[in-house]
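Each of the next two complexes has subunit A plus one other chain: subunit B in the first, subunit C in the second.
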Partner chain A sequence: MLAAIVPLSPGVLLAAAVTASAASLWLLLPRGQSGRRERTARWLGAGLGVAALAAFIITGRRLGGLGEESVFLIVSLVAVVSAAATVVSRSPVYAAIWFALSLAGVAGVLLVLGAQFLGVATIVVYAGAILVMFLFVLMLAQPSGLAPYDRVSNEPLLAAVAGAVLLGLLSLSIGRLSAGDTAVAADVAPAVAVDALQADHVARLGGELFSRHLIAIEAAGVLLLIALIGSIAIVARGEESRVQERRAA
Partner chain B sequence: MSSLPLLQNALLVGAILFSLGLVGILARRNLIVMFLAAEMMLQGISVSLVAWSRYHGDWGGQILVIFVLTVAACEAAIALVFVLGAFSRTGRLDAAAWQSLREATLGRVIDRELPASDTLPQKFPTLTPAGVLPETDEDELLQREHV
Partner chain C sequence: MNALLPSPATIAALVKIGLLIGGLMTAAAYLVLVERWMAAWVQDRKGPNRVGIPLTKIRLFGLGQPLADGLKIILKEDFTPKHVDKVLYNAAPLLILATSLAIFAAIPFGSVLPPLGIPGLPDPVPFLVAPSLDVGVLWVFALSSITVYSVLLGGWASNNKYGFLGGLRSSAQLVAYEIPLGLGLLGVVLAAGSLRLDVIMSAQAQSGVWYVFAQPLGFIVFLVAAFAEAARLPFDLPEAEQELVGGYHTEYSGIKLLLFLVAEFLHMVTASFLIVIMFLGGWHFWGLTGAGDEVTWAGALIRFGVLSAKIFAVILFFMLVRWSWPRFRFDQLMNLAWKVMLPLGLANLVTVATIEEFRPQLVAALGAGPAKWLAIAAPWAVFFIGWIAAGLLTPSGTDNRPIRAHDPFDIEHELSGA
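Moving on, here comes the complex of A and B:
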């Protein structure tokens, strides 16, 4: 039915989606224009972005029923749209807040995929800790108003084209996935599959983590400790050298 | 949704997040926004890993995402220390402030004059006045002034 509505071959549609997303990102990225032209470009870019998103959704439907499960569609749209807003927003504080919304969307996607613990951990670790740290630094370091380096981009056209081409290639290869290629693991899979509705999901994940991956867990713990000590050491040495510079001056 | 379409859609979402993060890290010049973009690429990878994990009915992908979270936390801590150090040296969160580290043969980013941004004064929402204005007692006002 959809093929009748959009009488395009999948390849043409994908090419159109890639072109539209590259143009939309280029229009949306800050390029140091004056207010009015910038607003026009942003509206145009947002429109093109919606078109690109619709094209990708239709490609997804051709891949296999994106939108059959409306929860997945909604959370993935939230994740993708606010990710785009993170990349293109002028104010870094707004970028951080959009990133938090994008994390909420990603957590929703993870929940739909049946990774309850990871969904919650994403919210707690990213939105709760890492993002607040980013916001602290922003509040410490942000000059009042928009800095000039927030109003321009490095090579916006090349960056947008590179991202869109990468996206096109990735979705092309995702579309080529078929059950035959990936069914190898069917016999390797454990007897009880990962199921979202399993009551003891977290307990089983923890059991797996602390039995098969015990050494890796220890290594991760050491890594966290080293990062903690290292960041404190770097800050302390920086302060020391600054004090010495001041004394020498 | 059966398993293969779910896998493909989740991989598509992961790919979109990864590409957007790539665009952000290539194009933006604010160090903090560049790090946000890098974290977004990690999110895309996480979504893809969990999708494969679900498809194969295996815990491997989810375990790997836990380690991705760990590494992301470490990376954020150390990166923010470096960003703060860079900020205290240059007074800017600008990646181009460090272009003197480039090789001499590479071109420099030269900032041209930016047109003035006509930022309008922010409009805050105001509540519409509701109800009847209470009658003020003039004597009370007078008394208050004497207190």
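Moving on, here comes the complex of A and C:
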């Protein structure tokens, strides 16, 4: 059926998709043009982006049922499109909002795939805590959001090509994995990982984390504690040195 | 079977969503009326009692008031100031209402229905929209942390100093009180051994000990944090119109303001649901509801009634507090979160974790009965110690000036004095 719609081999299609997405990103990134040229570039870039997305969707593998498939498509499109919008938007506040939307899309993908804890934790940690801090700083620092370094992107061509190449390599390797290369798949995804997605999901995940990965968990906890103490130390030191500086002056 | 036809489970979920949203919206409208009655009762006046059936002279104790209020605010001019950021200005109220409704996907509103025997529908049917969600508590926590966005964006998009500062103020409050809220949640999650709210309820029903008795300190911390998250008095700085010129919704009017206000009201309802489910035993009442998963139709109705009655009582408590307490000042509010509620929450969490860790040994050493009483007595001891410590560490004077330790001006002052 696929071959009937697009008379191309998957490899060619993937290469076309990567090229199109690189061109689209390059056209969309802010390059300090003005007026009509920028608007034309944006429309062109958006069109190419849609084409690239369609090509990626066609090369990808199908999931199970119709409902699952459509929900997955919607949330993953939200994630991808808003990730692109994060990079190309001119206003830092809008970039942060797009990033939040992208995280929501990623959380949706994780929920559809059954990794409930990871999905909800993404929202709690990234969207709920870290990004809110970003927004605070962005809003306080720059209410107008029109500094030169926001209007012009740094190395747009290299960035677009690098991003697209990464995208292509990832979809190539992951596509090979899911296409039934079982030897590789078994190596990468041990049975335990699949087991953690069954009923009592959180209990299984917790058991796994606190038995096989106990040292990693403890090390991460200690690292976070050190960061906390360090930030307090920096704040306290700053005040002290300020007093000393003034006293010396 | 036709693949396009929705499965019975999907239809059941849609029915539950419909019932829940309809019920919540109606309840929100009528709770506003209850709140106004409550205000009138506290202030010794009559309150709204005139609007009845339209075009007749029947008054019905003022039960038509929500309809009149709603029509008035919907038909009001929806004025958008010229200087706002249009997209975010319109998105903020939609986002806050959507998230505060989506929270209810993981909140049970009853126990279970008796088996219906519909093929394809797993029995018994739970009173819960997303029964297969294994991380219910975290879902609630995640969506309530999304709420911060609309507060922040509403204030920023208004492009108005009062609105912007109000947005920053409220979002700082919401972020700060999320931590004691989480600590209160964690104690209950540890004791019940599950992140599912329905399991937390049935754990309390089976032991017969509601968590308000087993974790008094956690209950206080959670209650205070829930008041702050719902922005109810004494934490209602977001809408302090008299002294702070409102908050993030200063520039909003008409139906967008209505969306913000409904969402705030829903936050109070959500907080009441959570307080009842996590600390007040949910649908359980001694000698009335039973504890198991086997119910008759009458039993299911009684459980639903008990849960609703408890939630209504907590909402009445919210409303009574509104007319009993003065508003906090912002630095007092922050001090309460970081210097009082955070340590108390940690103390509760450590106590609960210790008890749960050594519970098997306790049961083996003392027997089931004494171990149970010890597991209740120890948190109460911690509760009183925490209370006394908080009281002793609080300065006894009533110095109402904001405390500003070592800001640049003080350092300057100190240096010139020395």
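Keep in mind that, in the parts below, the second predicted complex is superposed on the first by the 198 of 249 C-alpha atoms of A that agree within 3 Å, B and C clash if a C-alpha of one lies under 4 Å from a C-alpha of the other, contacts with A are read in each partner's own complex, and residues count from 1 in each chain.
Keep this in mind: contacts are C-beta pairs under 8 Å (C-beta built on N, C-alpha and C of every residue); 3 or more make two chains touch, one makes a residue touch a chain.
Here the structure is a predicted model, which means the values were calculated and not measured.
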Inset, instruction - Tell me which partner A:Arg247 touches in the superposition: subunit B (first), subunit C (second), both or neither. - result: second
Inset, instruction - Could you look at A:Val78 and tell me whether it touches subunit B, subunit C, both or neither (first, second, both, neither)? - result: neither
Inset, instruction - Scan A:Val202 for contacts with subunit B and subunit C and give back first, second, both or neither. - result: second
Legend entry - Contacts of A:Ala15 with subunit B and subunit C, given as first, second, both or neither: neither
Inset, instruction - May I ask you to decide whether A:Gly128 touches subunit B, subunit C, both, or neither, giving the answer as first, second, both or neither? - result: second
Legend entry - Touching partner for A:Met139 - first (subunit B), second (subunit C), both, neither: second
Inset, instruction - For A:Leu167, decide between first (touching subunit B), second (touching subunit C), both and neither. - result: first
Inset, instruction - For A:Ala41, decide between first (touching subunit B), second (touching subunit C), both and neither. - result: neither
Legend entry - Partner touching more residues of subunit A, whether subunit B or subunit C: B
Inset, instruction - Classify the contacts of A:Ala216 with the two partner chains as first (subunit B alone), second (subunit C alone), both, or neither. - result: first
Inset, instruction - Mind sorting out which residues of subunit A both subunit B and subunit C touch, each in its own complex? - result: 65-66, 117, 121, 129, 140, 242
Legend entry - subunit B-touching residues of subunit A, taken from the complex the two chains share: 25, 29, 32-36, 38, 56, 59-60, 63-66, 68-69, 72, 76, 79-80, 83-84, 86-87, 92, 95-96, 99, 102-103, 106, 109-110, 113-115, 117-118, 121-122, 125-126, 129-130, 133-134, 137-138, 140-142, 145-156, 158-160, 162-164, 166-167, 170-171, 174-175, 177-179, 182, 185, 188-190, 192-194, 204-205, 208-209, 213, 216, 220, 223-224, 226-228, 230-231, 234-235, 238, 242
Legend entry - Residue ranges of subunit C touching subunit A (in the complex, touch as defined): 3-4, 10, 88, 133-135, 138-139, 141-143, 145-146, 148-149, 152-153, 156, 164, 168, 171, 175, 178, 194-195, 406, 408, 411-412, 414-415
Inset, instruction - In the complex, go through subunit A and note every residue touching subunit C. - result: 65-67, 93, 97, 100, 116-117, 120-121, 123-124, 127-129, 132, 135-136, 139-140, 143, 199-203, 239, 242-243, 246-247
Legend entry - subunit B to subunit A touching residues, read off their complex: 1-2, 4-13, 15-24, 26-30, 32-33, 35-37, 39-40, 43, 46-47, 50-51, 53-59, 62-63, 65-67, 69-78, 80-85, 87-88, 92-96, 109, 111-112, 114-119
